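Naming follows writing order (A, B, C and D), and every chain is counted from residue 1.
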């Protein structure tokens, strides 16, 4: 098989504005996520950021992307609607999409799911324990029954999403909340996975289990067929599978 | 129970531009659909159209609407994005939405489903036979195993939708195609029903079976609870259900 | 509307074998659950138990039951396969089914869902907090964002179920686990709700929130149409909707 | 990748009882289906039949089967309940299952889906046209928008199934009916595909498109992880992820 081409999209704002975040992710969060993916010989990850022309998501770049990962937080509103539509079209054509953490409020996620994508939250650096809901699923291979992140932001239910196709993880938080922290949906030919962890002020994307899940997820989200180009063709009367004649209004 | 308040939204363009369509629907398609609904004593239907201020869908009007029906075709692009977002918000709060025929390409339908909503089509006035897929569903009560429309536009698969929550009708066309012509989805607290029939150049909304289905559908889509207002509240440490202390970065 | 006819089925074994359980539920768990339902003027609940002839679930009794609730634990294997098939048929016809707690392993639940229905468990009388996943759903009306049970058995993920149609509750346990403690499915014309709480050694079915949820749930599960009788009719050539002639093998 | 191990199960009754069917499938339908699969170098198909000991589905045979295909019709009742449970367990562990044609009424299909699986039918050798509902799905790769079978039995809606995870095909019949002729579900770790064509009295399993779909389907249904063994472990207090003490009844 050809290597899996992943584009890691990063908002790249916190890292530039905050010394604290830059201390954790000196090359930016997107490069840390891409480095994790590139540990796997079958994956070829590159990056794109908000600040690049067309946010780094040109028609050409997306055309050759098998799976796109998305992390954004502070600057959701700065993402151009045109690029959002372009990404939505590619997902419907078959490109995989992995939405990370605060990406729950990204335009592209709300555009594809149709719901509010709201949740409750608290930043207290508390413990998160992610439970595996289906040990037979490709995305959780290599994990035990659960894994923990010692310090994370809390996200709590109700999470404003349509019923997932598959529930992959549910999180337990020390402060008493729960959250559907891993879930999948399909839109057109494209597979979508939402994965909760990854607040910018914790070193979550260095965590071995988190890296493993993201690797598994991009493999799972790989297109299963050549891009399916959207079309709404007219089928004229003489091309109908059954012989018919057009009705003539009396 | 209080009467069910339905707002019938109509694009109201074909009726004003074409003598043929005006001949079929002299008061506009929206008024014909509303008249059908108002045959039922438990339903109170009013109308709103593209040409009115805010397309007739003011905050107040939507706040008191239990179920909105949507017919549009030629002027999807003229519907303001702001109004689309307003309707999407109300659906997530619990307002029912019935999308009719060419509304498959309405901004609001694509916004809520997240897919292309594309299909194939042919206008030959051919016969459509709608089969009931689940005779135990509320929306099909009063129908037999199928009903027919002598002259309709053809819509064919592939229909670019996410898997429906429930498949209600599938259509057979004389020209040889099939189509998922009745299907439901839930977005937040709101119920959505797509119903295929209703091309402007045929008297479909006078058909007794079509009128019955739309009546059943608005009753089925009635909100089951008071509007659920979107929010993403912060839960501070001292309001966490379990006693925790915020982590102090070392 | 006519009163909603609910049959509360109870295994009725623990109560007869254990003084501790009898002390909590002197009339049996089934009578406590039925009493809770009968607080509502629109609900008419009666009981049936394993020990009765045909387990109290005769053809006649089921025919007049709108919604059946099911609690079993120790004696799942003693339920006759014939009665299980009879109940499954009625659910497919439209009868609602509420499966409670250890009923996750009841023959009828596995028969309808098709999966293992397995889970992890611990009996330590620990705290359970049930979070509402969709505040706009009929089943959670009257609740706040969550409610707590001070002492309950723990059930943990992975819960071996097909993806629910709707996720209603997720539980947080003091010992660190999570569980999909409220979920719905549809089978044929019938609505199914699984609700986790209710271990026999705690007074859970006296809890005001638990009673409220069960009341809401039976109303939600009410049949939406007359019973849909299963059939697989032959449609002979001369009854085909389109005129065809049978192919004659050459 | 290792070759995909497929077991083709055949009821093998019509072929032995009827000269007509034997004329079409001299080696039995199961051998024809297996031959089609074995055209692919990545697939290794063997057969098993009702008449063999344990219907050819021993624990060992199933343990090494990646995907099982199932054709039965006249003798559903002769399949032992124990073997049905064994197959259901393997599906939940991750084995793929392809159910063909009249297998809609097989014990294993009803056991896994939970519904009646009923439908309407007519044997008139009429034309069936199968439309692709999602051109981006792995199962339809290599097909055009539709394919036709000149002579087939008719199956019609309502088809008594739970909402599929994915709708793959819908059939149009010359006699006027429609049918959800290709659909998927997941049970535990196992993927299920139902595929309608294949009445015993037509040479359907020699058809190039039918053979292609079955090849695609077994590849799609391949287990995505090692078998997930069912368990319902007790997690004692001292193994709880969070330190708790068992509640002592006052």
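Structure notes:
The rule is simple: a contact is a pair of C-beta atoms (placed from the backbone, for glycine too) under 8 Å apart; a residue touches a chain by one contact, two chains touch by 3 or more.
No experiment lies behind these values; they were computed from the predicted model shown.
When each chain is reduced to the average of its Cα atoms, D sits farthest from chain B. Looking at which positions face the partner, chain A and chain D present mostly the same ones, since more than half of the interface numbers are shared. If you average the Cα atoms of chain A and of chain B, the two centres end up 29 Å apart. A straight line joining the Cα centres of chain A and chain D is 32 Å long. Each chain gets one centre point, the mean of its Cα atoms, and the points for chain B and chain D are 35 Å apart. Multi-chain contact residues of chain B, defined as those touching 2 or more other chains: 120, 129, 134-135, 156, 163, 165-166, 172, 176-177, 186, 188, 241.
The residues of chain D lying in touch with chain C in their complex are 88-89, 92, 105, 111-116, 118-126, 151, 154, 156, 160, 162-163, 165, 174-177, 185-188, 230-237, 240-242, 244-249. Residue ranges on chain C touching chain B, taken from their complex, read 93-94, 129, 134-138, 141, 146, 148, 165-166, 172, 186, 188-190, 220, 223-225, 227-228, 241. Contact residues of chain A toward chain C in the complex are 120, 129, 131-135, 145, 156-159, 163-167, 170-173, 176-178, 180.
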